[in-house]
Amino acid sequence: MADAAFWAICLVVAPLFFAISSFVRGGLAHVFGPLAAWLNALAVLGLTVSFARSGPLRYAIGGWQLPLGINFRIDGLCVLMLAMTAVTGLAVSMYALGYFSLRIGSARQMSRHEQQRLFFWPLWLLLWAGLNGLYLSSDLFNIYVTLEITGLAAVSLTALSGKPAARLAALRYLLVSLLGSCSYLLGVALLYRCYGILDMAALSRLVSPGPLLWCGLALLTAGLLLKTALFPLHFWLPPAHANALAPVSAILSGLVVKASFYLLLRLWGEVFAQVLPPAAYVLLGALGCGAVLWGAAQALLQKRLKMLIAYSTVAQLGYLFIALPLIRLDPGPAARQAVVLLILSHACAKSAMFMAAGSIFLKAGHDRIADLAGIKEVLPVSSFAFVLAGVSLMGFPPSGGFVGKWLLLGVSLAGGQWWWGMMLVTGSLLAAGYVYRVASRLLVFKAPFFSRRQAIPPVMEWSAVLLAVLAMLLGLLAGSPLELLAAGNQVFSPAGLEVLR
Amino acid sequence: MMDAMGIFDMVLALALPWLGWRLLASPDLFRAMVLFISLGLLMALTWVRLQAPDVALAEAAIGAGLTGALFLSALRRLERLSEAERRLAFAGKREEEDEIPPERHRRAKPVAYGLALLLLAVFVLLLAWSLAQTPAGGGLGPAVGEQLGQSGVRSEVTAVLLNFRGYDTLLEVMVLFLAALGVWSLTRVRLPLQDEEPGPVLATLVRLLAPLMIMVAGYLVWIGGSRAGGAFQGGAVLAAAGVLLLLANVTVVRQIPAALLRWGLALGPLLFLLTAVVCVAAGGNLLEYPPQRAGAWILLIESASAVSIGVTLAALYAGGRPPEPPAQDRGGEQGPGRDADADAGGRQ
Amino acid sequence: MGLLHNLGTVCILLGIPFFISGTIGLLRFPDIYTRLHALTKADNVGLGFVVLGLSLQADGWHTVARLLLIWLLVLIASSASCHLVARAALRKKIEPWSRP
Amino acid sequence: MSWQYSSAALFLLLAIVAGLGRILRGPTAADSMLAAQLFGTCGVAILLLLARGLEWEVLQDIALVFALLAALAAVAFALRTWGGTER
Amino acid sequence: MNTLLFYDFSGLALLAIGLHGLIRSSHPLRKILAANLMTSGVFLIMISGARGTGQTMIDPVPHAMVLTGIVVSVSTTAVALVLVCLVQETTNRALLWQKRKREKWGRTDG
């Protein structure tokens, strides 16, 4: 019975089960968490193998056929996103294992530290189950519920650090995600009222231009843009990602933001591809350019390391939105493969960066960039991980970011719209700016660095390095994941839809 | 011309936005919350007029009962803080504040606000026009009607919730569990000091109403199969009983051991998950009940979920995790009085 | 059978003026304590008449029993809450209205 | 649905809306507490009349839950003033 | 203009009022009240769309969606309210909002 459907069920049921059991048996939380992480990695491996063999699959939950029941749709893009979540999630879980095993000095923080350790694992596993459910499901309302699980778990994790700034950021994050979910729900309601169907694949065949369709689609997109923190709506992201605990920031920036972009990619690339005018794609691309410029500018000005990384997330998301008009421009697979590659490499690189920053913060006691000089003497591995992740974020060959941007550059020049390519290049230069700003502090040799006697467990440093190396190697071994994408089906071109029945 | 029920609909449809507007515009927060509860009850009447009895029950129990009680307890906590704040008169007892970015007060420029209002108005008009344009297309009603036979229950909404789209409800119960988990991770519950016994009238009222509420909750879960009712509505009424007990500060509620509470929260989600997995083990798809005994499975899931929903919503009203017994809290840091969690630095 | 139905209708129509008088009392009375009287006493009698009328027209004893249970519950709840509200008002030292 | 039920229900709804007018204007917070009272009686009456008029048994269950919830709201409002005060 | 559109427009009005309140109001409790108003407006639009033309059966799927939506909105509201109390407690300054006038209970009290 070890076919793709079985592994898909394990991907949703296992994290939920371990989340509940780690809540009930608080003492064993730090055992259930990593166990669930390894099981998840195993399930994704099984899913990839059986998917490569048997091709795309639709699984009817509860045995009810399409118009009524909810379906899992397992295709190339879904497997890649699950693999990204599994790999990054495994690295973050190992990092968190080390992070929470640290004994914090004073007794006063003992119970606070104890609470964080107890509640981190159930919240993180519920978030993970929400992400897996979101990538697998092909039903718009079911995706609304998984978005809620992911959003609520992310807010609770942000507020877990207990500091006033983190709680204020969590409250603002919650209000924004409340507004986003409400507009997404209204969009789903209007589409259901118009077409009477909730499934994405079926909807893409029924869709025809009409006033209610435009309103519904506009609301869906507005809700998802709020949750992806695209440029004008990004105000809630930096404080939330910077003030959270180190493993939580890695999860938020690496994985949670990707879920809503994945949905936008599905809706704009596949479901409503025929109906949407090119001008809409150009608008999103323009907002993406704004995000790249504004994010990079802010990152250059930041004094705190984690704020710099958070603003770099805003900038990197801009690249993904620049890829949308290019997908519309080029019928071939190049732009689609590029955007998937950018998503994968950003997830690994950004998580590695936040993990390294977390180790640096624990060792230095602060994260002011100006005073970090000479830390490489004390934390060589984490500094190397940070710089390596920064380099792959910049899009330096052979990293995944480089291959993605190179493909996009090719598409934009071939299609004659050179301004997207030009924006990619300036964005990369700006990214180089803020990465070198930090790297120069980390790598330069300076007077002995005053640091706490805090011994950083090696698992924390090496999980960050491995993830950074993976982000770097993604460019070289880009072949296998991308042919997975093709093997499944031409995800976004109309030809692919017939396969989905 | 318009018969009496047509006027009834018109009055109701006009009363809702009017009440919503006055609610947000009212200067006093307590009155805003009373109006919010009245709006919830009027909304329940609207659901009755729109032939949605299940939603009317849920709106009355959760929308008006639970959410209103949540708001009132939050307002009470905030006011108690402002009083305590005045007593402290900023004596500087606060630990050195974590460096919070100074909030640039974006003066609400009238131009930007006017523009946003205009944009909102245009979009609402566009939406209104397009709603009027498109006839309400036939939804999945007929499809549900055909398959109702094999769903094991007679009420359509319960069939859709528990069988056709059972996966949604599984994730739904997880959302509630997650909310309780989030609230527990944020703070510890602050039980009000018992400075005076609740009056005799209140005590008898609670002694009368609480058991009746629990009975009605059981009735709603049982009737859920054939008529309006079910796990959510039953759970909500159960939670209303819990809220009543918490409000009247009944001492038995405080002695509930934390372990029992944890199992109460985890029972529904865990059982739902296990039945889903057992269906797979029995050879069907996820959540595919054996056809002939689907009704029994659904009732089992509903009753377990109702208990858990009741406990979860009451825990949400309590607003924090139960105080740990001193033995477990090795750190001995029993945050006296206000549980000032804020400890700057140390953990980022 | 028509007699019971008509009697029921008469009872229902008798109940409505009580509700209206309760509402008018609520609107026009000078202070909280008198409004409490208006609302609690008049409306409950009105509800009693409506329940009586409906039970006359009811098709079975179980409906009558259910209606009476609901009415009894409303009676208990409104009298208790009237007491609680009045006590709360007194605690807030709201002076009862006296003829100027 | 025969006229007496629908007209009675209409009058009761107008009574509720008029009552809400008082709650909006009511000078003291105690006046706002009357809302629960108002819905407890008029709301339940409307539901019972609609139950009989539309021949719909379910509405009586809703009326029962309404009565319970109005009682809970009234207790919540009243306790609002002198409930246990934390330190 | 059948009665169906009454409830549609009423839901739309609730949505607009809620959105305006969410943006305009400064006290976080009012923001959460406004958010709940918005979701009620969305539910009203969903359910009034479910009542097909006269003779066709009522469509139960929007009812199930609204039930799920109500439970989601009560969970989010509960977490939001606890967060507001904590933010007020620890920072003691209304950072998210500027307190133009102190929301005091009973100010209008007799």
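Labels for the chains are A, B, C, D and E, by order of writing; each one numbers its residues from 1.
We take it that a contact is a pair of C-beta atoms (placed from the backbone, for glycine too) under 8 Å apart; a residue touches a chain by one contact, two chains touch by 3 or more.
Just so it is clear, the structure is predicted and the values come from calculations on it, not from any experiment.
Looking at which of C-D and A-B shares more C-beta pairs in contact, the answer is the pair A-B. The greatest centre-to-centre distance from chain C, using averaged C-alpha positions, is reached by A. With each centre defined as the average position of its C-alpha atoms, the distance from chain B to chain D rounds to 20 Å. Between chain A and chain E, the centres computed from C-alpha atoms are 29 Å apart. With centres set at the average Cα position, the gap from chain A to chain D is 48 Å.
Under the contact definition stated at the top, the residues of chain C that touch 2 or more other chains are 32, 73, 76-77, 80, 84, 87, 92, 94.
The residues of chain A that reach two or more other chains are 141, 145, 148, 152, 155-156, 159, 164, 167-168, 192-193, listed in rising order.
Among the residues of chain B, those touching two or more other chains are numbered 12, 28, 30, 97, 100, 127, 131, 136, 138-140, 144, 165, 168, 172, 175, 178-179, 182, 186, 202, 205, 209, 212, 341-342.
Of all the residues in chain E, the ones that touch chain B in their complex are 3-10, 12-21, 23-25, 27, 29-30, 32-34, 36-37, 40, 43-45, 47-53, 56-64, 66-68, 70-79, 81-86, 88-92, 95-96, 98, 102-108. Interface of chain B with chain C (complex): residues 199, 201-202, 204-205, 208-209, 212. Remark: chain A residues 5-6, 9, 13, 16-17, 20, 23-24, 59-64, 67-70, 104, 106-116, 119, 122-123, 126, 129-130, 133, 141-142, 145-146, 148-149, 152-153, 155-156, 159-165, 167-168, 192-197, 210-212, 214-215, 218, 239, 243, 245-246, 306, 358, 361-362, 365, 367 touch chain B in the complex. Residues of chain C touching chain B in their complex: 73, 76-77, 80, 83-84, 87. Residues 15, 19, 22, 28, 31-32, 35, 38-39, 42, 45-46, 49, 61-62, 65, 68-69, 72, 75-76, 79-80, 83-84, 86-87, 90-91, 95-96 of chain E are the ones touching chain A in the complex.
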